[in-house]
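Inspection log for the structure reproduced underneath, given as structure tokens.
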Amino acid sequence: MLENAMLENVRVLGSAAWVFVALALIGGALAVTLPNILHAIFSLALSLVGVALLFLALGSPFVAAMQVLIYVGGISVAMVFAVMFAFALREGPAGAARRRRGLAGAAALGVFAALGPLIARASWSPHFARNDWTVAALGRALLQHYNVVFEALSVVLLLAIVGAIIVARREPPQ
Amino acid sequence: MTLQTLLLVALALFCIGLYGVLSRRHLVGVLVGLELMLNAASLNLLAFSRAGMGDAVTGQVIVLFIIGLAAAEVALALSIIVALYRRRRSVDIDRLHELRG
Amino acid sequence: MSVLVRLLRGIWSLMLGLGVTLKNLFRRPVTQTYPHQKPELSAAFRSAIALVNFPASGSHDCVACMQCVNICPSFCIKVEGDKPEGLKRKRATVFEVDYALCSLCGLCIDVCPTNTLKYSKTYDDVGYRRDQFVYDLLTPFRAGEAAWRERARVAAVEAAQPASAGPAAAAGEPEVGR
Amino acid sequence: MTLHVLWPNTALMTVLAGAVLMAYVAFNGMLLVWLERKVSARFQRRLGPTEVGWAGLLQSAADVIKLLAKQLITPRHVDRPLYHLAPVLVFVPVLAGISLFPFDRHLQLHDFNIGLVLLFALAGLGFLGIFMAGWGSNNKYALLGAMRAVAQNIAYEIPLILATLPVVLLARTMSLREVVEAQHQLWFIVQQPVAFAIYFIAAVAETNRAPFDIPEAESELVAGFHTEYSGMRFAFFFLAEYTNMTIVCMIAATLFLGGYIGPSWLPVPGWVWFFGKVYLLLLVMMWLRWTFPRLRFDQLMSFAWGVLIPLAIVNLLLTAVAIKVWR
Amino acid sequence: MAEIWGEPAPQPLAGNGDDTYYLNMGPQHPSMHGVLRLLLHLRGEEILEAEPVIGYAHRAHEKMAENRNYLMFLPNSSRVDYLSGMIYNLAYCQAMERLLGIEVPERAEHIRVIVSELNRISSHLLWFGTFLLDLGGVTPFLYAFDDREEILTILERVTGSRLTYSYGRFGGVTQDVDALFVEQTLAFVARLRGRMPDYHALVSDNVIFRHRCEGVGLIDQATALRYGVTGPCLRACGVPYDLRRAEPYGIYSRFDFEVPTQPAGDIFARYLVRLAEMEQSCRIIEQAVAALPAGPIMPEKQKKRFKPEVGESYFAVESARGHFGIYIVSDGSELPLRLKLRTPSFANLSAVAAVLKGTMIADTVAILGSVDVVLPEVDR
């Protein structure tokens, strides 16, 4: 498009969103670095809340609510639940993981270095402010256009529940 | 904040998650990293949806699917981790690797 | 169907319980608002022991026989006595009770030969230190002690003379019985 | 080009509304504590608070002063960040939740078109705070209490949501104000008595009130997840709990009892109706609490999964079929 | 915890390497009935093992007896079990009367029966309240205490004390009763009977209560007999053993009453037995009041010092909790050579430890409450 350069500078979010970005990134950074795994999960929850707020700011309150309801209220709680009852909480000796950390950091930085400039340089053709969705539209899309996916997902969830129960069940004492 | 900045933020989140997945020895720690990566993807999708790439609903629908799938994934992963822990008394990736076979 | 019947029966039982509490909601509270409403003490109410003030003699009649000291399971009574001049019986000069130790069994009252021990009726003693509960039972009698001794001496002297009245005047008949 | 933000219009408005809500939450907490004491006392043929203020009305204020003045004790063995964060994290979602309601026709901060979903999402946030408290306290009673609380809340959130769905079907909206507006002819409790019953029972369980007060069963777990908290931190939990009660009763009043709608011939403002209904429901919750013994944990769970959820699903299906037939 | 079990635990909550952990319930805990300490080995909420640790309320009553003369032990007797202090107090008096060969006047015997049964009812009422409190029901607790208050007021008028009555003396009782006492007692019996429908509606029929109680905490007959369980707990296993009937003491053989039993052996059976026992106590009270003769309350000749012959005596009564026995060995001096108390709670608590395995924490509290242990009585 012709006006690419101009359009790229159009703001999708207000500057208040930087707070949410900070929340998401700091929470994420803590989640991958804190040695105590429970602290890590709680930081993940913080990051998820940040992402949910970003969703909200992006004009998708329903998705944001679902993110909080399922991700924060469900998934992270399930993680905490599992960790509390079953696991040795702290990781092994820190020194043993140093090399791994170095490699992981290099890999992550590498990905960022590879993709970041691409994103920065790529030209997008955004045409904004389409706010024409409602919960009803979302529901119609889910149940009509994406019906097969929706049903498949529900089957997957059911299977996951059954599978989880079977796998995690304590073997009866013999 | 422009679309580009938002995409960079999502990339940063993705890389943080990647770092977590690669550096953690604790299985749940790996799972935490994975969730971060999934969220980065969701953020991307919504940003595009917002920016009018595709129709307004599709991006949101896919994010909803991601959330649902993540729930299933975490449930299964956690149950597998619990079962592994019961059998091997460890959630350390390296030790699990050594114990294979 | 039986599940439904059980469910309904369960709900009905809960309703009955709610009925009971609702009924009591509208009944008069039974609370005594203590500092505003003082309790009525029964005649038998037991509090720390005290010495009876016999009207006839105007004083107590502790003869320091030590029976209460010896019977006390808590070892909380301390009695000392001397023999006033001219009298046959001893007379208490110290009578202390450590109320913090007392178990209010009443054995001392049972054994008292002169029935000069009784329960007091104070129920609201407070203190910050334990030694505040060491009661000196002779306190109310201190003022009249010298006069009593003088009267008793005179009575004893009179009793020694054959013409005078009986010796009962000094001791006095106990009128606080149990 | 800024996208519209879903908060009240200006920053000043936001701050003001927040302050008013804070004040209401604090006042409401104090009022409910006083009410609970008074009501429980009368159920038990006692007097309750009588000394501070008329009929002991200032007793709660005196307690707040006491709690404020108390030393904040941090036990040595706690997980500090979690221990300190938990009370706030429990309290914030509750505060946010109470800001969503239409107290009167024109008395609402912002009418979200998915207000109901937001409410449940916020309720989900509270679990994490409870978990943090339970784990951070590093105390087995607290941990057990947190476990129980979260398991119970998740189990009862399902019937809670399922019981509100028939109302959504009937009102064809998830906006709280529109749900209320849909009840001008008939309160939804008339059409949905079973849903209301399920909702109310699940709501009592959600707020950890007797007979579902298993997470803080004092005869079993001492005080559950807030065993190690004292002073103002404890007060936060306490306040969150009472505000939570208020919120579930507000939802019930909004969804089933016509919210701010009352008989139109009476010259009574809508908010009076709203709060009247809310406090009536709160009184019923107190009545339940002071009548029944506590369930056992597994019984509680099987009651949710075995009775409430099937009942709620059947009710939802029947409602859906009925709507399809009659509309 | 960790050091007791010989396991290092840097993270107290990390558990024992598997998903089990230990919980130290008590000695300071809201529902440990005093100072019982239960060491629970748990998986989740399920109890793998439970070990009661007792001794926190040990006051050496038996040793104290050996260092005091017979009379001086009187106040101790009602403090062994402060909830049925009257029964224990009178039991000690009766044991001494057997040892000393003292005859008790008729009127005193009747008064003893009346106050004992009143005390039994008050103990059962307190149990009723605290048991419901253990189950989370606060209101029945206060209703029961309201009723119990009446008994305490009645007994206070006669004995001067509300809980630890040193009312008995060797040969009789300290105070005589009057017409008002009789009136109040009968009024209380009527009041209690009037309250029973409320209790049943509020508690016995309540579906939540039933679910908490029925089939929980099963003590079968064999276990009960093996551990020497007595009192309501034994009668709830279908054994109609009541000392008032099995080996009547005092004048209990004259009264017409039933020994309520239940076959099930669970918490609910114990609950029903106690409630039925309150009614039976009411019947005994009515008969004793009707037959209350005039006369002295102490023997004509009262001794001040008691020196039993060389010998021994065992006397057992049915307390509110079961078989309470006093065994006294006399060497002919003013001090007992040995005084041994057989307390029912001790045996009952032992049986509880055996049945706790496999239950949940909430059940533990309910079972412990249903057995009605008084810890100072266990420790003595």
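Residue numbering begins at 1 within each chain, and the chains themselves are lettered A, B, C, D and E in the order written.
Definition applied: contacts are C-beta pairs under 8 Å (C-beta built on N, C-alpha and C of every residue); 3 or more make two chains touch, one makes a residue touch a chain.
Since the structure is predicted, the reported quantities are computational estimates derived from the model, not experimental observations.
As a matter of contact connectivity, taking chain E out of the picture leaves the rest undivided, in one piece. The minimal number of chain-to-chain contact steps leading from chain B to chain D is 2. The chain closest to the protein's centre is D, with centres computed as averages of CA atoms. Interface comparison, A-B against D-E: more C-beta pairs in contact at A-B. Here the spacing of chain C and chain E, counted between their Cα centres, is 29 Å. Our note on geometry: chain A versus chain C, Cα centroid distance of 77 Å, whole angstroms. Separating the CA-averaged centres of chain C and chain D is a span of 55 Å.
Note on chain placement: the centre of chain B and the centre of chain E lie 62 Å apart, centres being C-alpha means. Touching two or more other chains at once are residues 14, 17, 20-21, 24, 30 of chain C.
Within chain D, residues 3, 43-46, 135, 143, 290-292 each touch two or more of the remaining chains. Residue positions 10-14, 58-59, 62, 66, 74, 84-86, 88, 128, 131 of chain A are each in touch with at least two other chains. Across the interface of their complex, chain C is touched by residues 68-69, 71-76, 79, 139, 143, 146, 149, 156-161, 164, 166, 169, 174-175, 198, 201-203, 205-208, 210, 304 of chain E.
Note for the complex: chain D touches chain C at residues 39, 41-47, 50, 287-288, 290-292, 307. Listed in rising order, the residues of chain B touching chain A in the complex are 1-4, 6-9, 11-26, 28-29, 31-33, 35-36, 39, 42-43, 46-47, 49-53, 56-58, 60-61, 63-65, 67-76, 78-83, 85-86, 90-92, 94.
Listed in rising order, the residues of chain C touching chain D in the complex are 7, 14, 17-18, 20-22, 24-25, 27-31, 33. Chain E makes touch with chain D in their complex at residues 12-13, 21, 23, 29-31, 45, 132-139, 142-143, 146, 202-203, 206, 208-209, 211-212, 360-363, 365.
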